[in-house]
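This report refers to the structure that appears directly beneath it.
Lettered A, B, C and D in written order, each chain numbered from 1.
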């Protein structure tokens, strides 16, 4: 079996990889589609992000879907041939955070394609993955496997949407319109926002956002003044989803949001210098959001029922043997939103 | 009538001041006690804070209490001789934020002793103030006027306590133990915290915090390692009240608080460089808190019933004619917690 | 000017009515459309509901829209010819509940067409109404005046939606599919529910609900067993909107909702005998919801942007001179959802 | 080994009982104290409550504490001689409710001394119990084993306190002053209520409530008018803890609580006829509360630190061989608050 393995920054290889038979309670999934995520790109370009670094070769990938190829002992609800999305998240179920219902904060989390723990948890850009049966979620007939592979980033955004509290009737700003920002437009729209404004410094993704239902999509590099009416009073947006990880984007939003606004930070931007006095005097709430838990199945359910359509985001699909080309393409925001590998 | 008026940094004078008769719906209060607040000290030392600067002479002071001296037309529930605390906050009652119950965020707020608007709203360090009758709140018999003058900072801290959500059974950290930090110890304790740890870099205020019921008071300049057990797992505190306005204090708490923790920022610290990745991955909530609204009357009620005792905080009282000495004393954290002027 | 006036149960007349010129801050609106509400029907059939009874003749109606006919002094943002919806709610703005942002709970509320206070507040089924300018809200060009007259019941349902907390991804049950239940289907759908099931004991309204996007519409009089799968475990619905005011409907839902579910009660059903042990052991939350406040403008905004379409609910429009026929028609659930009067 | 076993209403016996050695991960606890709970009394007087009935002999008791007598394999943090409270609750850890952090709603809960499932889960009124090591919680040195046996009902009340949301500064009413009502007085007081009023129809428990810090304790059988001032406006209490399970008590509170008030229902009262219109128009929230989860350890922590003192509630201790006398005594509210058995 072959896998897409990162060895060092810019050193991405197609390597042979072990292919264990499914054990008790496990299934083997023949992977069909795998989306390239921002963190995959970070490993590819920089060898990691923040304090997380690759310390041994690691298969990348955690947005994957495929077909059940084999089932291990005591797995009765799945059988070969079933189409599934693979949930890359495997919390321990017993630590203090799992017990209190914050399983995404598990103290002993195993998350596919992540170098956070050593040895690294190998990712899903492989011809086959063998996972716990509970990680393989059957999908609706009308969903393609490419769409199913979008369940993970959509789950991230549904979780972020929940962090914001009720969205019904809210005025929402999304800063940054990569795949996560674009999915936040979908989620804010689906969650009942009265208005969804999205900003970026590139035109191509803003065009996608318009198709997804954004009320207004603004290129702040060339037309920032379009946002001036939103500075009325102390600012008007109830909720900000910050999806760029860029300090400039976050700072520029502080006078667009109203007192008491919730700012949900999705983008991993490292150290940022922030106007804390504004947070204090406007009583803003800056909330982090990280991964997901029940939202993975919710994402599949909403797509499966046709309530959410992510297909406008999938801008290219390349064979996994062209992974380097795919990663380069995914890095070019003028051409790409979500790039997927096929297996 | 005389007042304590700031003209420029370090230029604090005892000036003559107009003393208008109470008009329709107003009362004149003979001031007895006025507490010196951190913002008063900012005006005294620096002429303001953040972007707020004194642009004309302004009487300082917004923590005041006294005795009704005269009442204007149509004021029936107050009469001369009644002891009152003066609420320095006067929201408009009709703007969007007042209508939605966030009166402390009023777009047309008049707050005593604040240079935020021009002309400035004159403060309460005067022999008499004339205010709307609704701003003069009668106090319980057993409260001293010095205690009543603590209603304002206690209200600030009760409001901050509410921003944190439920405190019952929570593990609470307070960073910074000036008057606001010390009041937060009182509020966290009163609000049902299971544990209240407070940090500072000076010993004197930590001694006061111990009297107020802190579980542990740590001088981080000399014994930071005492906090190491609180870093267990991903950190253990449920709530942080950051009352120092100091970036170092805030940053040092990020690995002491647990996933999903609420950080209530009270201290006005200007620009701070923060580890946003930690906010994201631990799903922290950084919430500003500003002033108060119904908490002013609540503060008087809780003190009046003997449920909260602020007297350990009042470390000195000087006549207002010695205002410069009082401001210098209040600036010396080794000697002072709250310094009040008497009139 | 003529108005539709209730004198006693079943005694609904077209009476002459005073038509005051707009005073300071007021406008006169020439009414075009007025929807008949359940409470109007209660006055018509029973002379009131609960403890509320008509004690003097009262013009009915509080779901109204029309065209500005004249403006009083100091009204600058409205002018004759503008199309407006009329907000029937006029809170005092100064009582304790107004100050805390619960204006719909105003202690001195004036609500059009309500016999709660004496003298009654006259309703809006008149050729002209004169109201405070703040009650006349301009509408989008593409909205018909009939749709605009739906702003009030839609606002009620948006407020109910907020009472439920976040709806994103929730499984929602709506019991009772009159106009309010049907609007709740719209709101639950708009607010991001993953599934919206609606029940009634009549087929006609369930047909409307299907058009509005209900996942499933069940006639519990003939096919109650269709709901059996929703009893799995301890029940599955996260949220119930009870819009029938019927004890049987409410009780039947207790084993369909999951532990911790929120039950929002919209229907005014008087005394009901409830299984309190189930509320206790499943930790259910039964929440009332009453009227609205900012949701009136939100309703107009969402309809005006084409995000919400209420036209399938408007099943008939009759001239106000045929009010008795219209009230009888509105009372026949096999034929009518919302019946409006035209003026 | 002997145990206190219920066979039928009024048929409570001291029976021989098996005493299994602790298995893997288990401990044997020599019981020292066991509190008689209202549900124990229901089994004793009526053979059950609601639909729950004893269908086989069952040892009663779930408020127990004692000393570790033996430990099974792989138990390293406990050893013989350690004093512990026994948590009677054993959720499965894997069902949907356990996964989402609502372990008290576990679909496969095992709760000591409960006839909800068949075979019944045997209770703790025995000379020894053998439980999972995770159920045996070491206690502070200064706690007596009688106090430790109060951890369970205190945990119930801490959980109820959390259901109410923030208590800081709230005006709280407690209806019913048995052991649960009395503990709610403690919890409301500890959680920062501004005022705690408690009602009952017996004088003895009200006397205890006064010792526990109630602002006002009212015998509604003889002085209901004392509550009249609390009916001002639309009512004034922010929170009601209903601990009587009595319809009259709950109904009488509807005009004492303010709009938007939270009513936490602890008392199991079966069918109650309620004024749903009042719930609707005042937008009340009636919330159930059931058992506890992390609050068991919190209860021990708060008592162990001396922050909460439950000793005034323990009105009698009798040897378990006098169980019938103890149950009769516990049933006499004029003499008893909490009666404990000793072993």
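To be clear about the criterion, a contact is a pair of C-beta atoms (placed from the backbone, for glycine too) under 8 Å apart; a residue touches a chain by one contact, two chains touch by 3 or more.
A quick note: this is a predicted structure, and the numbers were derived from the prediction, not measured.
Of the two chain pairs examined here, B-C and C-D, the one linked by more C-beta pairs in contact is C-D.
For the self-contact between chain A and chain C, the two sides draw on mostly identical residue numbers; the shared fraction is above half.
Rounded to whole angstrom, the centroid-to-centroid distance between chain C and chain D, based on C-alpha atoms, equals 42 Å.
With centres taken as mean Cα positions, chain C sits 40 Å from chain A. Counting partners per residue, chain A has 102 as the residues that reach two or more other chains. Within the complex formed with chain B, the chain A residues making contact are 49-50, 95-97, 102, 104-105, 107, 163, 233-234, 250, 259-260, 265-290. Of all the residues in chain B, the ones that touch chain D in their complex are 158, 161-162, 165-169, 187, 190-192, 194, 215, 295, 298, 301-302, 305, 307.
Those residues of chain B whose C-beta lies close enough to touch chain C in the complex are 93-94, 98-103, 294.
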